[in-house]
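Shared between the two complexes below is subunit A, which pairs with subunit B and subunit C, respectively.
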Partner chain A sequence: MPQWIAACAADDIDPEDVIPFEHDGSDYAIYRSPDDVYYATDGHCTHEKTLLCDGLVMGGVIECPKHNGRFDYTSGKALGAPVLVDVRTYPAKVIDGTVYIEVG
Partner chain B sequence: MVIAGAGECGTRAAFALREQGWDGPVILAGAEPSPPYERPPLSKTGELKPICDPATLREADITFLPGAEAAGLDTAAHVLELAGGRRLPYRSLLLATGARARRLPFGGAPVHVLRTRADSALLREQLRPGRRVAVIGGGFIGLELASSAAALGCAVTVIELGPRLMGRAVPARVAAVMAQRHVAAGVDIRCGTGVTGLARTASGVMITLAEGGTVEADVVVAGVGAAPETSLAEAAGIEVADGIVVDARFATSAPDVFAAGDCCRYPHPLYDDRPLRLESWRAAQEHGTAAARAMLGGTEPYAGVPWFWTDQHDYTLQVAGLADTASCEVVRVRPDGTEIWFGLADGGRLVAAAAAGPGNSVARDIKLAEMLIARRAAPDPAALADPGVALKSVLRSPVAG
Partner chain C sequence: MGSAGTGSIDAGSPNAGSPNAGSVDADSTNAGRERLARYSLTGPENQAAVNAGLAGGAWFRSAVPRKRMKELMKRSDYPAVRDTAIWLGLILLFGALGTTFWLVWHSWWAVPFFLAYGVLYGSTSDSRWHESGHGTAFKTRWIDEGLYQLASFMIMRDPTTWRWSHTRHHTDTLVVGRDPEIAVMRPARLAKLLVNYFGLVDVPTAFWLMFRHASGRLTADEADYVPESERHRVYRTARVHLAIYAVTIGLAIGFGTWLPVVLIGGPAFYGRYMLQVYGFTQHAGMGENVLDHRLNTRTVKMCVVNRFLYWNMNYHVEHHMFPMVPYYRLPELHEEIKHDCAPVYPSLWAAYKEIIPAVLRQLRDQEYYVRRELLPGAAPFNEPTPLNDGRALPLPAETAA
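And now, the complex of A and B:
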């Protein structure tokens, strides 16, 4: 049953950056795009489960810190080897300075 | 299209041929009996990790031939011959034959090396709590094995010929961070000495050191480098010089024959066309994709920034570029204490960067440095050194290429 949960303050994330968020045993990655739109994906790379939050965000792309697999974090799409499986995305929104993501 | 070698490079090239639109036959012939697998985990966790689900090879209509060692190459007739006699005619051939682990130049006792899954399985059987493990060679393979052996409860000694660890490719102060980590984990590091002999004793193996003294061990592993597999090319009259010599499109001296990955030596456009032979996972991947493009007629030179990582204990060390092309260094000390090393050439171009830290904590900064290197940027050294200046802003400033 999907529900919206509060993940972080909008200003916890720098523009064009990513932070980790853990909820109920699951890891997520919350992104703030260069134009201040917020997104959320699974926290782990689909290649080898490395946490994406240590990776570099450039534009709309997150690059895994381990083997440099790249995903479009706005859609979850895997952008080529070594990542072949898309990463799951979750709806995200900001209300009154707090970022909410819809999980479950 | 025929590919000799089903490792990281060859397998990537096979898929890349399909991704780039080639509809004709693709034959991927590997000497090893198993489906393509990743080598990096072998020195870390020892796990066997497939490069792909074998079904995906079939789905891509790639003809995979395991246990298919190449025996001969007729470049005029455009035929690769396998041991056993099968002949594979080719329009274009990619030699992705990799490298083999070098061995010590003397005997006296059994010595493990690590290149294949078979090597890994044999070695792992020996790594048990309390066993004394001697690692000859303080490079990446040796140090990763030292880390995993220590984690498995072995008493580990590393013996390195050079004055310090990882002298080939890692700057001194970054290697020192890792050395400290090994010492903290109880690994006995002996630098500045070679090994002159091995002898079996009643209680194990006695290793005689060049600088005097001995080390006794139950298990001996040699991580003393890899030699490129070039005999097939040499026998066919293809130019070889510590690696199959290729141009920036991975083309060899024989028509329609390409070579890429650990087995080739290619000129790097970012480093004055210096001929490089890189032994890294990333290079194998990128070469595979680029060689496929060349096999299909592409003419773009390959200029990917050299990059590799090594996992030792709970730290990861990453290097971008070629540290030995730097003539001056700049160090950024982050608030968390981690140092990012930058190497600049005469004239101020960033040519290399390296750092070691817990987990994946250095990845972002090294990635940004890699991008600066790719753009031939000559960043202000003061900006590189100042942890208050975001590297991303250096990347986006007008001087960054």
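And now, the complex of A and C:
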């Protein structure tokens, strides 16, 4: 059953950055784009399960810290080797300074 | 182990220092052959490493604050565009001067210019291949990919198989049976390593692979790490590369001159030696089956010329620990984490003073490896079990496939 859960305060994430979020045993990555839009994906790279929150955000792209595989975090699309499988995305929204993501 | 701060572990191998030299030599030769078989990616060692938790393991990383790490990871086009322009400019300059002396004056003065051209083409393309392969050299992706394709051609590597090979190298650095890029095995194949200073193994192998790939086939090892969906790129690239070499040889025959081969392809023979000189400093003689790059990788101080030619790959511990940091920020990363590492090797000479005796000793004692001493206060080595202490002991039978 999908549900909206509070993930973090909007100010917890710098512009063009990512932070980790754990809920119910699952890891998520929460992004703040350069133009202050928030996004969420699975926490791990689809290639070798490295945590994406240690990676580098460049515009709308997250680069995995282990093998430099890149995803478009707004759509989850894998952008080429060594990542070939898209990462799952989750709807995100900000209400009164809190970032919510829809999981489940 | 003469260099300061360098230690070693005596593995206590029954072969080491035994007075019964004759039978020991025969035994160690057989043991060496058996051990070399463990490096196969298609043998039982691969699954044994997976079962033992060595494959895709949790590697040690120094704690660097996120804010600082973001600064270090940040990409810029300027340094790599500048360095690539200088690099390509020098290649063109030396190639043009060599060609002019050859064609116009028929002079031996062509030789030094071709030697310089050859090293830039045949050796330093390795570091350009490496950095652009990681996608960290440039901010602009298409420039990065362009350099990757060019450098792959120059170094005679298929860009797709080697991208996946290098990905595995980073996942399982020096894990026996998993890492396809272990250049110096235990025991080292010395003759192969030595003749390869002039490409006499790598170049014929590269052409054998090109023909194999052009016919739509991979090797068994390549099939272990190149996904099915990527293989069509391998076959297509091999046909393109072979076509370029065919034209080059055709021009040489047609005009009755070696010049086209000296300029294209030939440097992979006569200009390859510096690739070996630099490359062996990375891991030779160090620990296998460890999950800590401080146990299997070296950082070596080099002069500004060598650092330009090698694109700062001498900061190799730093690169393996944080591969998303571009080459031009590695000196800064070194400053951030050096307190956690063994003392840096002060020169290439210092590194080789350790490498050569270690590799020679490993010919008879394959459990021997160079073990560095960390600085006081450094985070301890990540050695959760004796399997991780660098000797690469035979994996427990129950974990073997």
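As a convention for this text, the second predicted complex is superposed on the first by the 104 of 104 C-alpha atoms of A that agree within 3 Å, B and C clash if a C-alpha of one lies under 4 Å from a C-alpha of the other, contacts with A are read in each partner's own complex, and residues count from 1 in each chain.
As a convention for this text, contacts are C-beta pairs under 8 Å (C-beta built on N, C-alpha and C of every residue); 3 or more make two chains touch, one makes a residue touch a chain.
A quick note: this is a predicted structure, and the numbers were derived from the prediction, not measured.
Engineer: Consider subunit A as the common anchor and indicate whether subunit B and subunit C clash or fit when overlaid.
Structural biologist: clash
Engineer: With both complexes overlaid on chain A, does A:L51 touch subunit B (first), subunit C (second), both or neither?
Structural biologist: Touch partner of A:L51: subunit B, not subunit C.
Engineer: After the superposition on A, what does A:R70 contact: first (subunit B), second (subunit C), both or neither?
Structural biologist: The answer is second: A:R70 touches subunit C but not subunit B.
Engineer: Taking the superposition on A as described, I'd like to know which of subunit B and subunit C A:P20 touches: first, second, both or neither.
Structural biologist: neither
Engineer: So which positions on subunit A get touched by both subunit B and subunit C?
Structural biologist: 54-56, 63, 65-68, 81-82
Engineer: Tell me, which parts of subunit A touch subunit C in their complex?
Structural biologist: So the residues of subunit A in touch with subunit C come to 17, 48-49, 54-56, 58, 63, 65-68, 70, 81-82, 84.
Engineer: Considering the complex alone, what residue numbers of subunit B touch subunit A?
Structural biologist: 12, 15, 281-282, 285, 289, 307, 309, 359-361, 363-364, 367-368, 392
Engineer: Under the touch definition given earlier, write down the residues of subunit A that touch subunit B in their complex.
Structural biologist: Those residues of subunit A that touch subunit B are 16, 50-51, 54-56, 63, 65-68, 81-82.
Engineer: What residues of subunit C sit close enough to touch subunit A in their complex?
Structural biologist: 56, 69-70, 73-75, 134-136, 139, 160, 163-164, 167, 170-171, 227, 229-230, 322-324
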